[in-house]
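Both of the next two complexes hold chain A, though its partner changes from chain B to chain C.
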Partner chain A sequence: MDTYFLMQLINGLSVGMIYALIAIGFTLIFGVLNVVNFAHGEMYTIGAFAGLVCINMIHAPLAIIIVAALVAGGLSGIGLERIAFKPFRRFQDEASLKSRAMREATLLSSLAVSIIIKEVIQHFFGAEMQTIPGQYMLNNPIQVGPLSLSSGQFLILGSSILMLGGLQYVLYHTRIGLSIRAISNNPLGAKYVGLSVDKTIISTFAVGSMLGGAAGIMVGLYYGAIFPTMGFTPSIKAFVAMVMGGLSSIPGAVICSLILGVCESLATNYLTQGWSDMVAYSFLIVTLIFFPQGIFGSRRERV
Partner chain B sequence: MTDNKLVSHSVRANLLVLGLLALVLGVVPGVLSFLGKSYYMQVANSALIYCVVAASMNLITGTAGLMCLGHAAFFGIGAYTAALLNTHFGLPFLLTLPLGGVAAGLAGVLVALPTMRLISIYFAVATLGVGEIVHVTLLNWVSLTRGPMGMQIYEPITIFGHQFTGLLSIYYVIAVLACVSIYLLWRMNHSYFGNALRSVREDDQCAEAMGISVVKLKIQAFAASTFFTGLAGAVLAHSAGYISPDSFQFSESILILTMVVVGGLGSLPGSILGALLLILLPEVARGLGDMRNVAVGVVMFLSILLLPKGIFGEVSAIEVARKLFNSAWDGRNAVGWK
Partner chain C sequence: MPILEVSDLQVTMGPQQILRGVNLKVEQNGIVAVMGSNGVGKTTLMRAISNIYQISGGDIIFERDSISNLGADKVVKMGVCQAPEGRQIFANMSVEENLVLGAYHQDKSHFNEDLEWVFELFPILKERLKQQAGAMSGGEQQMLCIGRALMGRPKLLLMDEPSLGLAPLVVKSIFDLVVKIRDAGTAILIVEQNAKAALCVADYGYIMEGGAIILEGPSEELAKDDRLTAAYMGGHAHA
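After this line comes the complex of A and B, so read on.
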């Protein structure tokens, strides 16, 4: 097989993994609350900036930087939930938890919070791309047979597989994961058997935003691009992947993210950089028109 | 109701309309030209344009309840159509203006045809995708749109041979157009059509069962709304003289949505107030420097939290419409109001 093609494939897989990490956050939050968190892209930005601050302040090794991004993502996820979602959850019954008014209010409040976060970051760091010290950049070439890959691709693929495994463990083998799954299945039933809806929602936001934050710093170091609006495009694409995957299916979201990433990087053979963004948006429109429930979605009544 | 009261209602309605017209056409330009700062005039122009955009978006997002996250795309289609027709074919303002509206309306119908089956969040996502597609196209189709460099329109607004070059005269062109479009949107909002849209918003299955053709109605509303947005875009292109894809990206859609939400979903006077607030707020808050966009976010957040119905909620807007125009609706044309 063509080596260039293989390299693009691996590149696409690593981009797809990043989308997957963001899409999982969207999917978890949608599963539990039935709302779309439009500030999720900002968790990605916050992760990247937290890593950058760590690099500049304490010159920490890479592992610690990623941990810092995870922590920053998790904490800001919790903060986001408290500020933008909690105040609108005035009633606890299922009808109002999943009501349309609640959905629209939180959609707009998360949008508002995302504007505020973006502007505050821009105020403190400036709108331009941040400079990253050379030794932290993840683009050392690594030769594997005829392929020349970079260390960033290995790091992204490796650590995202690690994080996906961790997520699987959390969701299926811990109490928190069990309650997240219970509440996304049936909030009222979960409440009746004694689960705390509030705590579970917080932990969902924490888990989802941690993955987003980690994705942010990895992309930032791989592409060398950390700037206040960096979260927008990847989060829209992750969102597309989530819709393609059927909104509340994690495997669906991951598979669709990988498909999206690979298609995008293969499309750069034929299209220029700017137009390759179209791939994701046309996937979105095609999915919504032909498979409104998503390719891997369970059957729902109406979409 | 006695005849006497009917008269006073219509008098009050006329007085209100006259007062607003006097404010827009007399007081505001008077004060602005007295102050003599051309910058304020430009702010007033863009405020009026955004009033039309917000009022037209209110028709679909507020009255029909279709959350649209890509409205700036239609704004951009209108603006670019007008600019391209003017620079490449030399069409006059009187032609590019309606053609900009028609192009945006056609695009709206094209978008609406496949997406109108979708409800709530799915529709929002689809319009977001459309908005991004239009933005990417404007940005990358360099041979047509000159990409990120933007387009310039050198020809001044010309109507029947009269050139509108001064800022004050451009203001009057925009003001007249804004008044006419807002009046038309107001009549659509408070008619049988508007009420049918409200019923679709509240429960589309129920509306369908009552004999309303939901999809057709939604497409009509979407076409009307995008038409007026395109019109506003064409006016923007001609009055500003320069457009670039940056003015029609996702954040712009969000700004328009914020105007409608802050003013009150479903209330036309509310969305106009919201547009004025969000255009004038960054100017008033100029002292905050970089932080003025934060102020926009904070206003949006607080208004959702504290005023879930908006500044001028839909219920009170309908009350006003009923009180003022009762004479017209109370008698033979009472469809949908009783």
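After this line comes the complex of A and C, so read on.
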């Protein structure tokens, strides 16, 4: 029973890490623009499909596949920003940069882009689950003492930690990271010191979408499930984690993602698969009712 | 030749014309004050010069080039920095990071030198370097705001109501520093409602009303002008 518990815990952490990678993108974008990007789940899907194409066309090794997912995610993020967000940003003053009208407009435009992406992928690949060659699946059993884990869990945990480290480095030790943080803190102040708000927003989308894309391919290869609407459920979970974490706190989003992953995984002991999704929704409702500022009591803004 | 020349500047916000043709000049090494009561368009003028707002007519010439359509980042790069209204510091970041951001477009090689200069003007910032900027007092935040602008090595420093909400003693020390900054070779355009204090340090002044300049002249003459004394130095309470 104890080993079973431990295995579920590790499984929960790796699922949570996936949520975290997606939630970071949501959080970064929310930080600089104060809007939710409804097409963020599609970056995850695009990452998975980009990896799949690499597998089918050039039988690339795993490292290349992940790089392809990162690049595809990043580029799509940039494109998404240009199409769905930039046109609504003709700000003349501090009010409109964070205004309600712009928020609502980009909710719809990003939703529209999300639908288009799903339709296009479906048109080319079909709606059904894609077949992944067996040797690429990340479910080789790995025995650690009494625990039977799988290679996918190691890959997910290992590379997520690496990417979180990379993100931390970018945010705190590079110029672009400094401007992302500055714009999240005070967009008008950022203009006064001469930061290029436009370039920073693009970079934010690129960084956030890269992490999303990487999450997509890792999940695809671990569960063997790549399909056009695969981004929906995980991005809802990541969204919940972002709200729980206080909307603009990256550590908050990561911790809440892990909590969510572990709770879901432990809940499968008592509930069937479909019902374990209820965990996330219950968390969301509890958070919104009792902790409208997120459970880490962040300072700024509510949904 | 003036370092800044604003001619017939117009700014419109939606249906409303906020600036109706403003003309002003700042000489090399000058301190110029723009005065006027609430809502006449002083901040709009400052934002237009910094390219935060788009202008709808006229021109802004800085050192013989037009900067009216460059974008806020290029303007800072050229050496026009602003200590804006409401301070607009990065409240969740440290004092140090705020100063680093002020020097965003500057070469790293003279960062320490510029930092020393800011510490010389505002010794308190040195003590508070690691502190969160938003946790400082209003006066300290104003110093940080000016310090941050100075880190951009301005040739022209724009100051929008630096005295707002500060105790008289602090106001005096800020105006003393304005002179010191000018003496170090930076031209200054300062917006003030406190006309008396502004005219003490400025060598030339403009009075704005309804989005246009209605009166201008050397400080000594303006200070004696009846129209100004009636409107801005009499019984009027300042915000």
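Here is the rule we go by: the second predicted complex is superposed on the first by the 296 of 303 C-alpha atoms of A that agree within 3 Å, B and C clash if a C-alpha of one lies under 4 Å from a C-alpha of the other, contacts with A are read in each partner's own complex, and residues count from 1 in each chain.
One rule holds for everything that comes next: a contact is a pair of C-beta atoms (placed from the backbone, for glycine too) under 8 Å apart; a residue touches a chain by one contact, two chains touch by 3 or more.
On a predicted model such as this, the values are computed, not experimentally measured, just so you know.
Undergrad: Counting residues of chain A touched by each partner, does chain B or chain C come out ahead?
TA: Of the two chains, more chain A residues are contacted by B.
Undergrad: For A:T272, select first, second, both or neither according to whether it touches chain B, chain C, the two together, or no partner.
TA: first
Undergrad: Is A:I250 in contact with chain B, with chain C, with both, or with neither (first, second, both, neither)?
TA: After superposing on A, A:I250 lies clear of both chain B and chain C.
Undergrad: Tell me which partner A:Q122 touches in the superposition: chain B (first), chain C (second), both or neither.
TA: In the superposition, A:Q122 contacts chain B only.
Undergrad: Touch check for A:L284: first (chain B), second (chain C), both, or neither?
TA: The first partner, chain B, only.
Undergrad: Which positions of chain C touch chain A when the two form their complex?
TA: Spelled out, the residues of chain C in touch with chain A are 13, 50, 52-54, 71-77, 81-82, 84, 88-93, 97, 100-102, 104-105, 148-149, 152.
Undergrad: Please name which positions on chain A make contact with chain C in the complex.
TA: Touch residues, chain A against chain C: 92-93, 175, 178-179, 181-182, 185-186, 188-196, 299.
Undergrad: Which residues of chain A touch chain B in their complex?
TA: Listed in rising order, the residues of chain A that touch chain B are 36, 84, 87-88, 100-101, 103-105, 107-109, 111-113, 115-116, 119-120, 122-123, 232, 236, 239-240, 243, 272, 274-275, 277-278, 281-282, 284-285, 288-289, 292, 302-303.
Undergrad: Using the touch rule from the top, collect the residues of chain B that touch chain A in their complex.
TA: 67, 114-115, 117-122, 124-126, 128-130, 132-133, 136-137, 139-140, 250-251, 254, 257-258, 261, 290-291, 293-294, 296-298, 300-301, 304-305, 308
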